[in-house]
Amino acid sequence: MLEKRQEGEAASQEIRTDLALEMRERFADDNVEVKGVVLEEEFREEGKLRISTVIIRDKQGAEAMKKPEGTYITVEAAELFSGGEAAQRLAGMEIGRQLKRLCGEKKIRRLLVAGLGNREVTPDSLGPLVIDHLLITRHLVREYGEGFLRRQLNRELDTEVELSAVAPGVMAQTGMEALEILKGIVRETKPDLVLVVDALAARSVERLNTTVQLTDTGICPGAGIGNNRRAINKESLGCPVIALGVPTVVDAVTIVMDSMEMLLKTQGYTGHEIGVFLSGIETLRSVDTMFVTPKSIDEEIRDMGRTISEAVNYCFFEI
Amino acid sequence: MLEKRQEGEAASQEIRTDLALEMRERFADDNVEVKGVVLEEEFREEGKLRISTVIIRDKQGAEAMKKPEGTYITVEAAELFSGGEAAQRLAGMEIGRQLKRLCGEKKIRRLLVAGLGNREVTPDSLGPLVIDHLLITRHLVREYGEGFLRRQLNRELDTEVELSAVAPGVMAQTGMEALEILKGIVRETKPDLVLVVDALAARSVERLNTTVQLTDTGICPGAGIGNNRRAINKESLGCPVIALGVPTVVDAVTIVMDSMEMLLKTQGYTGHEIGVFLSGIETLRSVDTMFVTPKSIDEEIRDMGRTISEAVNYCFFEI
Amino acid sequence: MLEKRQEGEAASQEIRTDLALEMRERFADDNVEVKGVVLEEEFREEGKLRISTVIIRDKQGAEAMKKPEGTYITVEAAELFSGGEAAQRLAGMEIGRQLKRLCGEKKIRRLLVAGLGNREVTPDSLGPLVIDHLLITRHLVREYGEGFLRRQLNRELDTEVELSAVAPGVMAQTGMEALEILKGIVRETKPDLVLVVDALAARSVERLNTTVQLTDTGICPGAGIGNNRRAINKESLGCPVIALGVPTVVDAVTIVMDSMEMLLKTQGYTGHEIGVFLSGIETLRSVDTMFVTPKSIDEEIRDMGRTISEAVNYCFFEI
Amino acid sequence: MLEKRQEGEAASQEIRTDLALEMRERFADDNVEVKGVVLEEEFREEGKLRISTVIIRDKQGAEAMKKPEGTYITVEAAELFSGGEAAQRLAGMEIGRQLKRLCGEKKIRRLLVAGLGNREVTPDSLGPLVIDHLLITRHLVREYGEGFLRRQLNRELDTEVELSAVAPGVMAQTGMEALEILKGIVRETKPDLVLVVDALAARSVERLNTTVQLTDTGICPGAGIGNNRRAINKESLGCPVIALGVPTVVDAVTIVMDSMEMLLKTQGYTGHEIGVFLSGIETLRSVDTMFVTPKSIDEEIRDMGRTISEAVNYCFFEI
């Protein structure tokens, strides 16, 4: 839900990003070792996929990273969602495999997928679009009973997953927090796992539409930037939560700030001097309601939605 | 939710309609007096609006009408949603007034509007479209407190209504019954009233897009035709429910059956003979998955959505 | 363009259909031999595809069939557009093959595809949807020259087809006949062939979304039913025209009339008596602005658009 | 057509903007008098509308401004398209009046409106959206003859304008330049005037969705930046052309460059030094396919389309 997180952001000049990896890389740039944080990397030649796993192990790591303890997996590729059908199939399968890895040993029988975001705002419509392509099975399994999916899909399935899905909309559309709607549905339908899909804001344009982040910590919008929207996680929902996100926008302010900072660093300015410069720029105020997004976002977001649906279908139904 | 109700309907030749008024008129044709059922009619010259109120008073009435006890109000006009801006404003205000009448003395402070149906199926998209145009206030009233709406709307409001809204989708999209989703949200947000908006199936094409039905009995899809989809009403939701519906389709089977019956009656055939004829027609099987809808439905449904939103806004915010 | 053809149709009770095959079958029912008309049929086990070719050879045939001389090919299957990905691929390839057959020996170098119909009216949006998925090459071939497509597609192509495409809209949207717009574009860009794609009206519901008709006679809306919309064909456009159409609606009047007629015939009534009955039915007037369409049309029309695009891409680019 | 103009722009650091006013203001900043260029300004208290007229009088002015000779009118307001219904009505009427002023004495009887841009790319969909709301009259006036509009609109009209409209799509969709399609249609239907509506790229974010530019010079995409897309004007179309444009995006590169330049100027750097800094920034390459757009663009573009339609309807039909 892009709108929600962006309120009041212009004022702050701290490092802000929804991606744990970006946060980790920031430290890497400064050659700082981060205690309590583990980073693993893997590269798959087929599909040119880079898989990074950031594990925040303890409180110290969480504080440094300004993110809750847990596992954060990113799957990246330059053409993750734009490399044609075969490439997208590969990407979908890899995302599905990482999703399975995050699920761990738990046997998921009842899965609720929540597609967050606003269907009417193009770069924020990822969640609702993913919902459109899922294999919805809960009502069928409940009506036709055990064995139905195996017969339908003609496959040796481990479990007959009852998949349900909902696009709860954003607060401006519903007057309710997504958390409230999901809490009600969870209490009513008692899923074993909630998978939350959402569009994210990234820090750098290179990440846009090229990165998927999966985490077992849920979604914690605005943590550390003073935004008190409540987190959607195991604690608040009362059931395990995995969050899957794709960065689709960069704040215009962020991109301008970053470019300037880079320029000033090259010129040998100190951090303090840079801060003074940046804070003085009046013009940025108007940029506050702007975002930067790829020119082809309308088309790409649809492909993204389809690929992530396939990842979910692959993970839970082996199709 | 048009899809749900239509399963298995072809087999039955009973009178089936979502409109209490159509049911009542059926008896009127046969000059039968219906005990336990009261019918009142009113005509407004301005806007050429016909307002009919059917009250089902007791069990006997409910059995005869095959509908639960309660009040059913219809607002009708030949150009209810297609008479231009001024006419639609009139229609919206009248629907709003009837909605207020149904609410009665209860002071509504927390209202949840549920837009049922499938946004992706044109004649079934009424509910979601209505949601798009409502004045959503719950999050604002809760954030900015008492008096916020009065200041914002610059009006002497009786209550500061906290309006929230949701489009729960249909079972094929979510794997859950709308009832399950709404139950969860109701438990979580505790509204004083749930207003359910839905597209209906009518019995005659003259009703299409020209009639609105409001009822305090909730929505009872498939009652009496063996469809066991659970009702959305005070009993099932645990909070008062008003349902607002507009017929947007007629089953193709219904329209053919009706036309034939009329023809055969004119020719003096008996009810039994007619039944025999009708049951013999093989070709109708393929019609089962078809519906009849106005050629201009794509455009009309949008106007309808806007007018009904205005009715709700008028009823609760006097705008 | 469904709207245009339907004006004034209710008055006439002649046999009206956009499909030559339906016209031909009508005679077949009556065991009448039609001079000047040849019918060939073929069945492909793979994909369960029935391919029928009606050739209207001379003036006598044209008069009997109420259609211009030329070749009419239909490709039919119960699940032509709804049998899943593999089935649709097969269907697309077969339609592509038949399209190639109609093109004959002529070497097409410059192809203009015109997607007729109204994008905003679901069952009439086929033409515009097909356009969305075509491989548009004209600007690329002209910019990057001979050999570009071979390199891009990595294929031994016979010709480097310059494909251009346009969705001219309907008269209510543009104030112009599609013919006027196409004439201008043809004069300006001089294509070797115009392929016109359009949604059609069928006579029987079994045809809906299960049949594709291809013809080298162009499109002749309303011919024989007094509708003077001008034909889009070789004569009017000044360049060869192939029309590809899929029936997506049946007029509500047609379906009622047909069902009744069938009933009355079974009862032994004469044609004259039947005519008298039918003409007397007042109620049908209101049905005049209604159409019958499958409940799943919103979804099916998208699949249809994609499959027909693939057929065109397969025919001209062997992909 | 936003896509087309943006190719190859990143390389150049010249001042580039579709708005004559922005170009003029640039000189104003430098206190340079521009020969051959006249600037007039007007302010309307009602609606807070600022109307600026830039007239490029001769070759010298054209060279300085890098725009063809002619009149450029901008209508600006902070809430031009977002101030609610009444404000938008005022804005529409003012734009309509300025459009009338540009038309001058010529009596327009046949008007063709061309909505350029890509309906599927949100900030580029302005042209097609405007088309959707116009009063299309050409086919009606031609069918029902002189006096039809006066009767229909119940108004003393000066002329019965035959308004036709087309959304020709962008080259990636059609394989043809908009100019080619329009030339064909103009030749076929012989309008007295072509009104071209398009989304523009601005230089500063303050202009986004707050400015309308009207000009009698047509549209000259990429002039001066080496983009050889052909102009749509009187010369190329063979009939007078008025272009109406609204800036909806700023190139991400532009916004970063501008912010940096401003910063460096404040620091006292020379133009040469600034140029060296800017050219060195590698990271901007990836920004090349990005644009900056308001967060609410999906909603705003629809309001914009409606307001501009109203302006056109007001100008030509006095409604």
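Lettered A, B, C and D in written order, each chain numbered from 1.
Methods note: a residue touches a chain if its C-beta (ideal position, glycine included) is under 8 Å from a C-beta of that chain, and two chains touch if they have at least 3 such contacts.
What you are looking at is a predicted structure, and each value in this text was computed from that prediction instead of being measured.
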Both-way neighbours, i.e. chains that touch chain C and touch chain B: none
Shortest path length from chain B to chain D (each step joins two touching chains): 2
Equivalent interface positions on chain A and chain B, same or different at half: same
Where chain A and chain B are represented by their mean Cα positions, the distance between them in whole Å: 39
Whole-Å separation of chain centres (CA-atom averages), chain A against chain C: 45
Distance from the mean Cα position of chain D to that of chain A, given in whole angstrom: 37
Set of chain B residues in contact with two or more other chains: 120
Parts of chain B lying in touch with chain C, wherever the complex brings them together: 2-3, 6, 120-122, 205-206, 208, 250, 252, 255-256, 259-260, 262-263, 266-267, 277, 280-281, 283-284, 286-287, 289-296, 298-299
Residue ranges of chain D in contact with chain C within the complex: 120, 131-132, 136-140, 162-169, 171-177, 180-181, 183-189
